[in-house]
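Right, I'll just put the structure down here and ask away after.
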């Protein structure tokens, strides 16, 4: 890739683990362009790399690179590439070498023919599986689960690709919501726990899969249903086959998708993300709503909850912080001291709105507390008399083995401090979190979710060494 | 410049006319870095080009190029360039050739020495002045007023630079809020009508000028006062001289700065932009507030007014549209058909929030109606039962000769249609505008503003041929 | 990789098949920088992609991309990366998709640990080997022999890496001169026929391998010896082990390396390339030297032979064509009509030197005759009275399965025309080739070379379907 | 311009001062493409920036940027821009800020309309002229003579453009070979001394001007004549007017154009560059030809002279140094130590050709001796027994005020050392230069040339302060 002196400035506190989209068309269409739109709308799920695979006649073509959708895939906006089937991927930002090697989709030639694969998730028994493949002489060019899964698939002795999937998928432990192309057939798969979302929508000509419904909306594909946990959906020529490979498991949907990751206009796990966040905000107000003259949000992730909080508490909603639209753009962050400038360039207090006020500010969650600390300082400098920070998520205390890149236990501020200590550390007048019971009460089926990052109760026992970030 | 296949996708409806910032320091400091921060926060005022001038010893160094601040000036983030004085500029997007020639700052050598100049505005008698300079044998490498003003300055027979300014500035008719460097002295000038904003802030070491206070905030410079209309402020070594060159004129501050251009966290012409927009929203509600179940905003320019509208009308505020943070990024818009996709990729209805609702949506103003039409369609597709569009500005019917790039009269929808006809054209259930009297009532000193784009009443007679966009 | 609208303009008539270089150092040194120099001097062997692998502590780091050495590896010139061992590769230009997937070095993780590999050559039984690997479930991300060889290695059941090599290399049929890194040990291997060159040089600290001695010269490493056909040389901490894995085979060194590929200042297969080309030129003169007033060369590949021809024939040597140094630079060749301009921009007749003269022009070989035809036209336009083309190679009539990308039989002009017909087709007054016996007489050990592209006599039977370009 | 971390590696010892080309066409044609070809063939005259001006209807369009022709003007290869008249420029490499401001062509609007200008040369009374313009209030955006000349032109009170030229050109002292476009008319001008070359060629449709005939050859325009010193040639619609503005002056053609600058296939000042260089080589042999076994050249600038030397001396010509075609490509030269590597990467001794030999090596001239020193070391390392350096130019001892960027007197090695001392300094066994009388004897009309850099005898008195490099 071209040497770049500019690195993405991501102030996201939790790293997303990718987004996927795929399209199968009844007749040849410019599917790469459709994927541009779909992936563009999933950009929030991964900014490190983008890529697509599509068929050109009987051949699969893959194009991927480090960068944003609008950089990597720009030429697909203008060019026409007629295809029957296509899939794409956006990937979150990591550090270090060999990064291009892990970009997705991953396309290989095997004894079955060409296969392309892209997924969102994290295989928690990948070390074990990798060891076994190593023992059999397999080689790995990268370190991703994606490549691992393709190895397993290729070694399946079964004739049919569906059978290969049925052979392989049950061996995978952990989170995967993925898409395959084999021949001109598109396969969507979702792990039996359903950690990560994956939806399907249809028009007359198209069958579309995506991590979130917002990608379907962009394509004007309105009717969406979920790929069920433990299900394979195979699509070709408009024919849809749904195959159960492990539906018996208890659902463990990632509640953090609803709290923070997903776009507010998406419907995820059957919930309107925006509406659910408003509910969380209201729940937060029910717990602890004194002390404020106004309610403001940390834009944009706190917007929905702040509105819910305002309605429930009766405190007036204000725009106390504005967000610079240009701050998403890349620029150098050469020194740690410039981090603070990064926040300052992105979020701006509206002094006249907060001056002399007791401000309740709603954010979605707290990881290290670093950004919160800068924010509180900005608000106080801006004249806020008091600042009360309310988080619409419980305290994060445990790592995630299913696709979120949570820092180590030591880095998580809630493992080191009580809310009172945090308040003192970040300079807030008070800090409080949404209790886990309140969070559970926001959803209709609380047992269908994974809360492990808050509770440490994982849906199954995970060998700790797999906890290292792999994908 | 490097050949670029990527063009900026600007969905702004009215083009801004530049932003400026300048710094004079008591002791040598890394002023280019400070200007990076200041200009970054003024990026909304111009995305076409960026540039800075600073002194390196006795020499002025100018660096500018087409592109965003984060692209053009990136290296100034990391590098150290010790200077006593510096100024910078961001410029809005135009079409056509010779664009780099018009990028600012404009630095020249003259009989007085090196002069650098950058400004925000539009000289309405520039054709006349240019003719006279042509007659005297002057040559112009670009078509900007900036170059013109430097020609005039250079021809001034006076010895002192201040005298040159006093010679030159009164000959300029129209809008200019600008900054000069001569020697190591920084000069801020503002036309006698005060069309465009220009503020000054001070710390112990620094004197900072900028188009908006948000740039001062970014630098931690809090106390701001306006450069008065008709005033020159000269700064060197911490000494500040204020010189009157034409204060007698009636103020004609651009009311559109408050309605749309300025950032909500800025204080402009003495008004908190956010608070004034809330007031406009409230005024709008006072005129016409029936018909809605909820109030939503076109993010982000309608946010403040929508909140004001909600409070005044009692209708609940909702997040009905979300904005994609990645849409500011550049990508190709090769065909007109893709325009709609441009809007679709940027603004997304939250269906569950608007479904079945009568939606009152607040936008700041309407120019051609194109974007509104797409937005209404999005909302209706998203399930809104009724959509009532409310604009927090009066109907735009006339060109601006003082620094806003308003389309031709024919393109302005309010010259062709009544609000009812507009509603029918864009598919809204109703459309209404803020009456001019209501707008005037929002400010304390309504006669100090220019409303010409609404009323056609210009502060002075402008020869029509100067109406062409020049800067 | 970044989207590029500029494609390399290669007017090379035969494509080279890569160059390799590797360094093992007694103490940690900035080996990536050394590889920059070495690969830069091997750039003529491949312009499509460049890459290196080096150890950072116990980890192998690989960096590669499409482009020239000076583009891809530039940062290694300035940065310091301390390493014990490193290898690098340049690759020739191909068409089509998936190109980055085939760039070298190829680095993988396996049951043995990390392995990096880069080679120059072509495995002629790769289809067969690939089928067998497919049958065992192996997957391939690219189509290169490099990946194939790593698969085989990884599946070797032996404990030691040397044993793995001894297991694997004998299974490979065809040409390979390659370098491996395993741990901190560097392995050089060369196939038993010795098709492609590979030399080793030593200083006190460094052991260096490269395709040609010119790379060693660049590093100031003067003493060079060949890696013997059928030999593995393993180097670590200055210790050198030489292992025979198949020395019994008859040598089949590629005579075309001497005729055209290698740089004239290199010593290849023990011959000074320049001196041998002079000998070929002299041999050519011995066969057919009438008809000319002057001898000129097609720069630069004909330079040495032209000089030899001049000395042997007594005809004066002239600079009749000059070569534009900037034509190696990339630019678009959008239409076939521009091909001719490509030649015109690169080679220029010196009219005054050739005007009215009978010109004997020496080129190294003829493939399709296209470039020759343009050249003859240039010379005639330039005033040459007669043009006699002499080729210092025999007629090319057969494909190469051992690492040269020769066009199909039909495209080879010598399969369709006699020298007389060729002369008429390209507009020359006569055309003649170096007879195969004359070529053989130029070397001391004529049976140690492969002449298959001239004679069709391959050193062993090759299954035709492997003839497709693969590496 | 885009920020570049890569700087051109120029090992040229004397900087060229630009090249120009212009075309007037009887009917509209794709002139920008023709200029691409013409400028590409003049690339050796300037690698810093490239640019063209052409008419689009009645408007002049200018496009220029820092970089090589193949980078800056690439898009003109593929695109069609129909024009009647066009001119272009390549510029040599300088250091420092404000470089883009000095790129040519320079296009301005004036009281006469649009004018575009590009030239090759140096105005030696520019300081004086600039002072006078400053006094009249002119401003300068750059520091080039080009801008200065346009100022003068614009101030001419005459009605007709030809009259303006007649007013202006006689005021200029020094070297200028330039092209103007005014309206759709192309004007070629050459100073009365004729320092720099400028030729004209014609086809049925086209009239073409260029610094060297090689540019005409590239366009297939064969018949060339010189623009006479002191002449204006105006072309429009195929009509050619030749106007004398100062023919009385004694010619002072730059002899260095013949020695080093021009391409060997060009005809300059009526001389075949290659043939004249052969003659210089022969003259050099006549002076001092003992001591060698072989004659080699420093490619490519010494090629012609070396051949002449060989023929005259009877010493066999050899290829003792090869030149890397990729070394023209840009790469970082971050430290002085890497300079030597720069030479090593570019020029390679062919050891077997020089080993044990007494080598006479021919170079064109010596400036600082730095490169020669490295070269001698390379040859000695390569085994040469003796190295005798022969320069086909006299000793350079004086600055040039007419368009060559010669270092300061102190830097010129011949001002500090005798040939013997130089030999000792650079490690050669002997060094000798072509005597000035021998050089004069090579041309038919020795008094028509300027030898000031050798003799210090300038054609007219030059005020020393103008000696600073300006253009």
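For reference, chains read A, B, C and D in written order, and residue numbers begin at 1 within each chain.
The definition used in the following text is that a residue touches a chain if its C-beta (ideal position, glycine included) is under 8 Å from a C-beta of that chain, and two chains touch if they have at least 3 such contacts.
None of these values were measured; they are calculated from a predicted model.
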| item | value |
| --- | --- |
| If a chain touches chain A and chain D alike, it appears here | B, C |
| Far-end chain from chain B, centres as C-alpha averages | C |
| Distance from the mean Cα position of chain D to that of chain C, given in whole angstrom | 36 |
| Chain centre separation (chain A, chain C; CA means) in Å | 47 |
| Distance from chain C to chain B - Cα centre to Cα centre, in angstrom | 60 |
| In chain D, residues with contacts to at least two other chains | 3, 5, 74 |
| Interface residues, chain A side, partner chain C - complex | 1-3, 61-63, 65, 74-75, 97-98, 100, 106-111, 115, 134-141, 143, 150-151, 154-156 |
| Complex contact set, residues of chain C against chain D | 5-6, 37, 40-41, 43-44, 68-71, 74, 77-78, 214, 217-218, 263-265, 267, 272, 274-275, 300, 303-304, 307, 311, 316-319, 322-326, 328-332, 334, 338, 341, 344-345, 348-353 |
